[in-house]
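The two complexes that follow have chain A in common; it is paired with chain B in the first and with chain C in the second.
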Partner chain A sequence: MSEIKTSTTESREPGEKAGPSGARARRWAGVSSLGAIVIVLALLPLAIAGSYKMHVLILAFVYIVVAGGFRTISISGQFNIAQGAFMGVGAYAAAIPGVWLHWSPWITIPLGAVAAAIVGSIIAFPFARLRTVYYAMGTLFLGYVIMNLITAGGKTTGMSTGLGGVKPLFENRTNYYYLGLGLMVVSLACLYRFEFSRIGVRMKAVAQSHQVAASVGIGERGNRILVVAFSSFFTGLLGAFYCHYTGVASPSSYGLGATLLIIMYVLVGGLNSFWGPSVGVVILLIIPEFFFRELKGDLPYVTAAILLIIAFLLPDGIVGLVKLIKGRVVNRLIRKEVATDVDGD
Partner chain B sequence: MDLAVQTVINVVLLGMVYILMGMGFAFILNLLGIFNLAHGAIFMSAAYGCYLFVVKLHFPGLVAFPLTVLLAAAFGVLVERFLFRPMKADFNRTMMVCIALSTILVTTFNRFLGTNALSIPSFIKGTTRFGSYPVETDRLFAFAIGVIILVAIILFVDHSRWGARMQAVTQNREGAALQGIRFSQVAAIACAVGFGLAAIGGVFTGALYNLTPFIGDVSLIKVLMLVILAGLGSFNGIFYVGALLGVLYGALPVVLNGAVVDALASIMVLALLVIRPKGFFGHE
Partner chain C sequence: MLMEIKGLTKRFGGLKAVSEFDIDVAEGEIVGLIGPNGAGKSTVFNLITGVLPVTSGTIMFRDADITRSQPNQVAKLGIGRTFQLNPLFPEFTVLENVTSSFDLHPHSSLADIFFNTPKYRRNEKFIKEMAHQILEIVGLSKEANELARNLAHGHQKMLGVARALATKPTMLLLDEPLAGMNPSEIQYSLDAIRGMRDNGITVLIVEHNMQVLSLCDRVVVISFGQKICEGLPEEVRANQEVISAYFGADYVC
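Up next, the complex of A and B:
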């Protein structure tokens, strides 16, 4: 049976200078460019306050984290097709106490995150026995069951039409924008720390070979439950934020269709790199909604075409393509350097 | 008594549709190792295709039905050749291809035929009397066709040369290759049979029940239930579990709420995943 490919090693670009100074320079370049992106995003409301573009960006913040959560589970080697449902658990766990018990949104949003993490870890326990194709099939079914149970809740959950009247956090869309941006930055920072920590390395070991990992004392089950719980916390957090933003928790936003969309973001951006999901959201959500809105009905065709191109030519997604180009350029530069050195001698 | 007869017929037909769908999915999963997410979309497209043949092109139902199935099988061969084979069973890449395929099909039918529920006109009008109970002839016809196809499939898998090759590939791909069995040919046939069976299930569903662009998702879920319960690599299991699900979804809604039945079935599947992830009839 086919194995799911994951980024198992921090691959160094060919020809890149090793050693502390090179690593430090690379790190500074990365941090400063990320800082620049965040500053631009923070200043953007001055130009597009209250517009549709702002709404798109808020959605993008939500989906970047949810897709990032999907990828975080995938570093342990598994393909979680219940990601949309985990988001739904967060949303409903925030919406129900808010609507029926009139709790403040500042309590219900963290509650949604915790609920999603708890549900995720309970579910991860039996599912830790399944791998690859079977895990994917099991979780696809699981997502359906979760959404079914939620809609079977009668009046409490609003059935299949969804639960309306979720209390808004703010009057103003700009405030949502800043909260969404903040949540995204914090969540991505946590996911990043997780992936490149000791625990993240263990996940990658489990993904590569659970037998070898077990033989050096890295248990499969515990690590896989941990990664699902950790990722679904942030998925639930943003799911809860999303439902407070839209004011409604509706099952259609968290069903199979939504999950497939999330998977598309990740696969187009690149499953093997941390920034893949973010790039995927930019390409499949922000760019079409900003510049190609008149295409609306035909957009799925464009998306499918992009997906096919990626599947045939660039299995590592857009980020993989960027890495490839960067590697070639660096290689050429080095070759030139070596050539001039030889000439000099 | 009338209700009982209706229920029995419902159980048998539902069970049969599930078995047809599940077999098709299992063929592709066992032989190619591909989780065919587009199976539901194929099911839906075949139902719409048959609808278009009958309603828009005025083909008689008895021509449209085999035509749809053959087209679906041919489509399966094309998909195997141009989409599945180049992916070399890499999980991520086959996932992308399947999602793209299903997106294209669902969007197309959604855009051009709308989301209203349609129904394929019945192939044979009227009712047949069984003693004193009237039964729609269409359902009897569907039942007869279904039985013939299932028997044919069993004969094909167990007693034909290609069936033996398929079983060999399922058991050990390298070993089969060493015996001179060409994997690509077997894979093409598996895809043709798989898509063809999905199309038969789709046309039955479209003719006997309703037709919307969303039946694909629902049927994909049912197929997953079936395959998880039956266990992988097991053809016999699919028959038993298909019959079980037919009883569950055909008979229980008479006495229980539909949502409760769904919840029961779901809990059964999840419980099985906890206790015995290999399914009822899975080996290894």
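Up next, the complex of A and C:
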């Protein structure tokens, strides 16, 4: 009897191959719970309108997309340590024409997105020659260079103090909240579609073996440039939105520190899961700011502790932990099922 | 001629890995490229498929010059290949390995894929059916949902062949398809290769395993980057130079 048990549990991946009807049910559960989250977020302003909590959520919308964009690039095997700088390109591309040419924010925000995508793809071209740790090192320096170029722009970019007086979009915070929520939903939907279609398959193929991928016609360079351009569009979009919301474009928001924060969100949530970055932002940004504000001074220690625990025990982050527990439960259920089946016979 | 290679040369710094190498392959042939370890067989493959840049010489495929083509362009033209080591995507399942390799025929444009058009959905449905058929042919149907990295070595090699077939190649380059296989797997593979030729695929095989000779219409022997002999399998087997290349000059009497 014990033989039967082990063979079934091994051949069946936990929760994976429950057949087509199971897949449909799981899909429905996913879609409806996402819908519920969006509805709750849409109704939340009734309770917290204008408060600090609303401000935190607007920041969270921005960082969920920027961190999600980082992860999308990573599925092609590229660890982009210039993500903060790409966000900065979007922010400054929106702020500069807004402040000096008095362009409307409704033009400058899309402009920021397009600028980030263009700069991203131009940079991605030579960087597609670099792989693994060399790519990471290259982008580390790149982010530094981009921010230095921006601050070297003299009066036009406001130098190291940043460019103030960026035109606000709205008078009240609730409108920002809804625009931010909308941008996040649309951006995540696009990133999701990108990853879970043949395009994402191509990216993952290139990441696993660029030689094998090329041998079936999946070119390495074109796909690596595509993913950077696509992801940077949304990173730039939210970067531009962010600077119109805060009214300043300041280099400290897009430097190496910002990038490290973004990477922390991704790693804590889970690099290998689409929802990892979102979960990371909830854990490291929303929960501390909502419930533990009095701990402010001690918060870095808590964050450090969380990071160390993740690094040593949970390489796939919080989402990985949830999957692990779910797998255990499903395995136990399967085992019970098999046991009763055999008893019945 | 389907493929004509003239004066192919590859230098790694001071080392001439391949020098003035010529080979012609006609449509429908099975040509063997054999030679001892380190003779430059795999280098020739990597030069044909654009993985390594050519130092000098020309490679023509169907009257088009592909000497400077990138690997994915070579695949697009109809040259499929397998790899000696790591022939697959380890984190994909066996089925995903094949479906992902169906990227050229049918090819879906980025817009079709992103907006999930009927054309893309049709293509994906077709690909899934074809992938199951190919897995049936190479005998991996039962393993379809296993992760590729968990397969046994022989199965990984067969999956490599399945992936190459998914590109609908006119010509297939097999890089040591028999290495590390047990006798029954070898027999199975030899039959499979013959089957491919019967389906109109031209095959160029790199091997140092002499068993592959029985399969070939023509054999080219390479040693130290140079062609030392070319001919029918039995001619090559009897050739003095080939024997000395494999076993050392002392064995030639």
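Basically, the second predicted complex is superposed on the first by the 328 of 345 C-alpha atoms of A that agree within 3 Å, B and C clash if a C-alpha of one lies under 4 Å from a C-alpha of the other, contacts with A are read in each partner's own complex, and residues count from 1 in each chain.
Everything that follows uses one rule, which is that a residue touches a chain if its C-beta (ideal position, glycine included) is under 8 Å from a C-beta of that chain, and two chains touch if they have at least 3 such contacts.
For clarity, every value in this text was computed on a predicted model and none was experimentally measured.
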| item | value |
| --- | --- |
| Fit or clash - chain C, chain B, common chain A | fit |
| Contacts of A:311 with chain B and chain C, given as first, second, both or neither | first |
| First, second, both or neither for A:256, with chain B first and chain C second | first |
| Contacts of A:215 with chain B and chain C, given as first, second, both or neither | second |
| Which superposed partner A:205 touches (first chain B, second chain C, both, neither) | second |
| Which superposed partner A:267 touches (first chain B, second chain C, both, neither) | first |
| Angular separation of chain B and chain C about chain A, which is computed from CA centres of the superposed model and rounded to the nearest 10 ° | 80 |
| Chain B versus chain C, judged by how many residues of chain A each one touches | B |
| Partner chain(s) touched by A:134 [first = chain B, second = chain C, both, neither] | first |
| Minimum C-alpha spacing, chains overlaid - chain B and chain C, in Å | 11 |
| Footprint overlap on chain A, where chain B in one structure and chain C in the other make contact | none |
| Touch list for chain A against partner chain C, complex | 13, 17, 193-194, 197-199, 201-202, 204-205, 208-209, 211-220, 226 |
| Contact footprint of chain A on chain C as seen in their complex | 49, 51, 70-73, 75-76, 80-81, 83, 86-92, 96, 99-104, 108, 110, 113-114, 116, 120, 124, 145, 163-164, 166-167 |
| Complex interface listing, chain A residues touching chain B | 1-5, 79, 126-127, 129-130, 132-134, 136-138, 140-142, 144-145, 148-149, 152, 255-257, 260, 263-264, 267, 271, 297, 300-301, 303-305, 307-308, 310-312, 315 |
| List of chain B residues in touch with chain A within their complex | 29, 33, 35, 37, 86-87, 89-97, 99-104, 106-107, 111, 217, 220-221, 224-225, 227-228, 232, 259, 262-263, 266, 269-270, 273-274, 277 |
